[in-house]
Amino acid sequence: MILQNILQNAWLIPFLPFLTFALIGLFMHRWPKLSAALSIAMIAVSFVLSVMVALVVFGNAEGVVYETATRWLSMPGLRVDMGLLIDPLTAVMLLVVTLVALLVQIYSLGYMHGDPGLASYYAYQSIFAGSMLGLVVANNFGQIFVFWELVGLCSYLLIGFWFGRNSAKEAAKKAFITNRVGDFGFLLGILFLQVIFGTLNFSELAAAIPAYANSGILIGISILLFFGPVGKSAQFPLHVWLPDAMEGPTPVSALIHAATMVAAGVYLIARAMFIFNTSAPTMTLIATIGGFTALFAASIALVQNDIKRILAYSTLSQLGYMVMAMGIGAMTAGMFHLMTHAFFKSLLFLGAGSVIHALHDEQDIWKMGNLSKKMPVTTWTFVIGALALSGIPPLSGFWSKDEILLGAFAGGHIGLYILGTLVAFMTAFYMFRLIFVAFFGKNTAGEHAHESPAVMTVPLIILAVISVLAGFVGSPLMNNAFAHYVTFAGAVHHEANLTVMAVSAVIALAGIYLAYLVYQKQVIDHAALKIRFRGLYNLLYHKYYIDECYAWLIKHFIDGSAKILEWFDLYVINGAVNAIAAVTGRSGYALRYTENGQVQSYALYMFAGIVVLLVSALCAVFSALA
Amino acid sequence: MDYSLLATEILTAVIGLLVLVSGLVLPQRGREIVGKMSVLALLLVLIYTIFRFHVHQSFFGGIYLVDSYGSFFKILFLLAALLVMLSTGKYIERFRERSSEFYALMIFATLGMMIMACAGDLITVYLGLELMTVSFYILTAYLLNDERSAEAGLKYLILGAVSSAVMLFGVSLIYALSGTTVIGEIAAKINTQPALIAGIVMLLAGFAFKISAVPFHMWAPDIYQGAPIPVTTYLAVGSKAAGFAALVRIFMIALPLSQFNWTLMLAVLAALTIIIGNLIALTQKDVKRLLAYSSIAQAGYILAGLVAANAYGLKGVLFYAMLYVFSNTGAFAVATAVEVDTGSTDISSFAGLGNRSPLLAAVMTICMLSLAGIPPLAGFAGKFYLFSGAVQSGYLWLAFIGLIMSMISVYYYLQVAKVMYIGEEAKPNEKMEVGGVARFAMWICLLGTIFLGVYPAPLSNLAQTAIQLFM
Amino acid sequence: MNHMPILSLTLFIPVIGAIIIMALPKDQEKAIKYISALSTFISLALSLLVFITYDRSTGGMQFIESIPWIKDLGVSYALGVDGISMPLLLLTNLIGFSAVYASWNIRERVKEFFTLLLILITGVMGTFVATDLFIFFMFYEVVVIPIYLLVIMWGSTKRVTKEYAGMKLTIYLLIGSAFLLVGLIALFVTAQGMLGYPTMDITKLAGVDFPVGFQIFVYALMAFGFGTLLSMFPFHAWSPDGYAGAPTAVSMIHAGVLKKIGGYGLIRIGLFILPAGAKFIAPIIAVLAIGNVVYAAFICLSQKDLKYIVGYSSVSHMGYVLIGIAALNVISINGAVMMMFAHGVMAALFFSMIGNLYEKSHTRNVNDFGGLAHQMPRLAVGFMLAGLASLGLPGTVNFIGEFTIFVGAFSVFKVVAIIAITGIILTAVYILRTMADLLYGPRKEQWDHLQDLKGPEMIPLIVLGTAILVGGIFPSLVMDPISSGVSGLLAQIGTIQMGGIF
Amino acid sequence: MIGLAHYLIFASLLFGIGMFGVLSKRNAIAVLMSVELMLNAVNINFVAIEKFVTPGTGLGHTIALFVIVVAAAEVAVGLALIISIYRHKKSVNLNDFNLLKW
């Protein structure tokens, strides 16, 4: 009974965090502890509700689709609802988001302990959770856009949470603006949909779209829509904000910039798959961009020294994986990877947070070392996360990544398959580079550290357990249960291929071994490598100089045009106004000197006036007569 | 013929003579009551005239007319004279022992204006005009110790006499072609001939001089600046209105548009007047002179109503002439008070008026803005009538010029406001004392300006009645 | 029906307040402020009452009052509100009430200040409730002069002097209004010729079938007149300088509501009376509007003075309104009206925050600041709220306006709309840069003495912030009446086909 | 036969001479005299027109008388003003009277 009503009441899942935000913002910001407690309690309730929703949805063999909506903004010709669309896809996302959010919020109690902004931190966390959940349950593009922007706002606020730092302020700004560029295209796509189809509702669009399949306009629309995921999921070329976003508190990075928000782009592609898969060129574009990003980011991650940045590039790379999966039609695999990635990547980030916390905000891996002695829980959960990420069977990452590679392989995208496998190798390498340097290594800088409190380690353990187990729901061992529910029209399912599995596992192990050789055994001198391949190293270390390019472009084109236009405004437009005023004034002065005080010249003007009047009047009359 | 209908004129003449005589017979001390007496007497005449507003009568074969049109202007002149006398305040002390003659001359000038407004014959117009003008010659030069006053008087006399001569020459030509000088009879007897055109142009030139239309305006700034301020005020308000009263009657009745379309000629004059008056006013630093140029521009606006030559336009002429009494007198009254207090009307002597006397600053600002035509002040309603008329007659361009220039005129009016409110004060923190009577006059101007702007209907109804004879 | 003249009351209570203030002695500063606050509060309450009791099911003009005023001009003192004017009336009073509190720290010439301010508020309100062209225009120009005086007396001199700024603003707008007045007179005269009797009633004038050429001519005049007020490119030069010179309350009212008279006029008068003219001129307006959106946004990027940033940003945002008006369909015009409301509250909030900061720090240069969120968290909240609203974040009422305009305009002017939508990126860039430089970054010791908002200073933040959020979260509250008003208005035009848009 | 046109032309010439005097004479009194000349030209006109257009009505003659009287008054005032200004300036040259300008 409760379970049946749960769908009607599922709106509470996003609503409760919003309520929390309002309560904290309006009344409770003076009591940070209370705010934190409220926030955690509310997200816990949301989590429970999500579990119940999941039970209902997956309790039915075919999966349940439930849709309801309330009018939000409407006028003749335009209607934007606030809707609730619950299907297996939503249910998975709800579960992932509420669970990670809950764990991160608990973890934050320890991580953010004593921070003066604790109340606002939890307020932001709540509004983020609310917006993200709102995005997930959306039944139309309007609603998605609304929450899309709101999660962007939360990301902005949380990246800039320590606003006293210049780097944080810059990173927050960068994140928002870069996302705006993506949203520009996304918004255009939505507008096209509205104008052409007259609706933004998913199911109505899904009914109308097929008639336009592969038409030029639809290709255009789908590419525009793809702008959104490119921004939000930090795909090349709009990836630049995500590494910088690591300026935020680490739990935030875990939740927003690893597990949930950045995956929203992938989720959007999945949700709007009925549009994308009608347009082959767009699908190719998506796959290419995703694959490229995966490789590109992984290569950068190879040489970074900041623990969070390594993880950030890893996130980029994995997002690229997911996007690629979407592009090659392996949506289920992509969503599966999204889910497992959410767990193990948040685990990794929280682990990193634990380290950073213990080392008093030290993030350079070369200034860590041998942490395993002092921080066993952190270390071993971190290793589990890294193994999962590297795709070592039977951890979750193995199953999901394998699905994607399988999709590429079986779908005939051999290039992408090879690329994916290469990335898997690199992933394993850089993750274990991190682990060997920071957690084992001979460096003893980390030895004054101490294990984090239970409030931080318990979420780590929970996530570690999930990271190990979550993969099984989609594994052939459980008959691809995940794929049974999370399906997409037109998507193909491929039978498990042992070769692909074996190759990827071996490749990952090879990566780990290489890292072991270089950084643990130091058989190969990494410093020498650095010097030998100086050019390549610098290129990678400086992230292909893309930030610099953008900075240069912005400085010269945007700010340059701004300067030029300012000059134009000041001297041409304002100048014209002032010139007209001056001419008026000057002519006044000129005329003024006709009043020279000489009475006879006044008389002369009068007579002249009479003569002119007389002549012109006579001319007028004569011409009228003639 | 009911001569009692001429009571207004007769009474005014009698009052003028009495004031003149009483100035001679009363001892020095007693002369102060002369001013009060004349104000009171004129007030009674005004009330009487208002009650006889609807009376119509034609005298002496149409050479003198009593009608609503004339009465409207008579009311206007009396009101203006009263306001000017009231607002003179302490300025009267500058006339020393000659103050009673000042009142007498003012009253004679008023009489001259009345005659102009009611004249049914060109020669009657001329007589009224000369009565008015000669009084003004004397009044202009009334500050015997002030060189500029004398200069202004002489300039006015020379130019005034020349313009009278020109006008008379024009009258003689019209007389030659029509055989009559009665306004009502001319129309039937003329047709388009070059000599007639010459006559009309010269007649127009004479009136253009009186109303200070460009290029016959050159006297106005000098004379306005040199004359004692109350005289300037009356010159600007009364003399101009009288000029328009006669001009409208002559042109509307004697010169039918079907014979000779003089509207274009007037439109050009109006446009020039508006443009040049406003442009030169932009550069002025002396408030009196600034108001002089402003009043030139105002003449241009009023002329636009005559250009229209239809109900809205003519109503606008009357309406504007009346509101001009309030607004212009208000502004000049403040200038008078400032000159009494600081001895100058240079814009710098208005500095800090907003602090020293908020009422004066407010009156000045509001009256000036009314002149600029900013709603909800009277000037806006007036301009609306004038330019509606002009547009109705097809003179859209004139409306354009008029309205744009009137917005530009806000610049110089606001310059004064700016100085008053944020200027460096000449006499910091010193309250400015203004007599109760002058204050009363300013309040009337202020309230009149606002009332006519917010609720123009009563005045426009009066004007409607007054212009019936042209319709 | 014999009802209370609620609109007249709303309109004239500030005037009564002003008269009472004039009668008070100069040194009763507290009393003066309380009377101003009270009278604007009553007006606000009454306009809220209007907003709530307006019968949405019937729509159209309601709370009608009509008294014949000037017979021979066909003028009557006619008031009424419909779905278009009602939000703007409410906006005026929201901002008016906030403006009084934003001026709470005025110390010089308190009496004059609040007198002028109240007159100003009345004038603005009047334009929105008048249904008679003459009365509309009267109120429209009433506001100009108080603004001038307020600017020169209480303004501030930075890049340009306050005298220059005030004069430029005044004369520029007046010249714009001269064109408008010519148009109105032409309209009036022609209508009289066609109807046979004079009328200034907007609805009656709208019933007249003016010749197309005439409509184009008059609409062009109006587009210039109202466009100037709406700071349409390239006639925007008065706006940034004007706001920079003006005191806080004036900037709030001017950017917040006065500008909106331009947009309101273009819809209520221009489009309603002269649909064919509107159709002809619309593409030109749309193109100029790009100038607004993109050009002004670019200039914002290089500004350092907070008031200039918001000044140019308001020019930029008015571009959206213009596009909405130019697109000539229900959705776009709904959006334009919504955007006017939204921009009003946002700009007013922005200016009140800037004013508060300036009053305490005596500088407005962004580079002088940094890390203000440390010392002034509430002010930072205000700035952020305004900033986020400015960049059209969902959840703020501005998003509703922008989104609706985009939808409406997109169906008509694709290219224009796409170029205009790039504005959302540029806006984000300059707003976020400003916010970052102003509020974030390391604490600066030199500003440690600044006190955060407290007491009366909080009122603008609370009132306007609430409006931004409530409108953003429950857009139907505002959009439904707007939509009914716009649909009603366009339905009355009805018979005139405009490229199948209607 | 001398007709109306001759009179009018003669009067016009006289008027023009007066006008020239007004414009060119520097002495204020001479200017006043020139003005009188102009007025006399007008008088000639009126009297001539009376004879040719409306004989026997006396209208033109009356007007001429009026004009003469008014002109006399004007001259009286004018001379008084010249005396007044002479007291200040010790000059009757019109070129010297330019305190008021611009």
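For clarity, chains are labelled A, B, C and D in written order, and residue numbers in each chain start from 1.
Assume contacts are C-beta pairs under 8 Å (C-beta built on N, C-alpha and C of every residue); 3 or more make two chains touch, one makes a residue touch a chain.
This structure is a prediction, so every number in the text was calculated from the model and none was measured.
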Keeping to the contact definition above, tell me which chains border both subunit A and subunit D.
B
Farthest chain from subunit A, going by the mean of C-alpha atoms per chain?
D
Where are there more C-beta contacts: B-C or A-C?
A-C
Starting from the mean Cα coordinates of subunit B and subunit C, work out the distance between those two points in Å.
41
Averaging only over C-alpha atoms, locate the centres of subunit A and subunit C and give their separation in whole Å.
36
Could you give the separation in Å between the centres of subunit A and subunit B, each centre being the mean of its C-alpha atoms?
76
Just how far, in Å, is the C-alpha centre of subunit D from the one of subunit B?
26
Residues in subunit C with touches to at least two other chains are numbered 171
Touching two or more other chains in subunit A are residues 592, 595, 597, 599, 603
Numbers and ranges of subunit B residues touching at least 2 other chains:
154-155, 158, 162, 166, 221-222, 408
Okay, what are all the chain pairs that touch?
A-B, A-C, A-D, B-C, B-D
Can you list the subunit D residues touching subunit B in their complex?
4, 8, 11, 15, 18-19, 22, 28, 31-32, 35, 38-39, 41-42, 45-46, 49, 53-54, 59-60, 62-63, 66-67, 70-71, 73-74, 77-78, 81-82, 84-85, 87-89, 94, 97-101
What residues of subunit D sit close enough to touch subunit A in their complex?
19, 22-24, 31, 94-95, 97-102
Considering the complex alone, what residue numbers of subunit B touch subunit D?
123, 126-127, 130, 134, 137-138, 141, 144, 147-148, 150-155, 157-158, 160-162, 164-166, 168-169, 172-173, 175-176, 179-181, 221-223, 225-226
Under the definition above, what is the set of subunit A residues touching subunit C in their complex?
71-78, 80, 142, 145-147, 149-150, 153, 156, 160, 163-166, 168-170, 172-173, 176-177, 180-181, 183-184, 187-188, 191-192, 194-195, 558-559, 561-563, 565-566, 569, 573-574, 576-577, 581
Mind listing the subunit A positions that touch subunit D in their complex?
592-593, 595-600, 603-604, 607
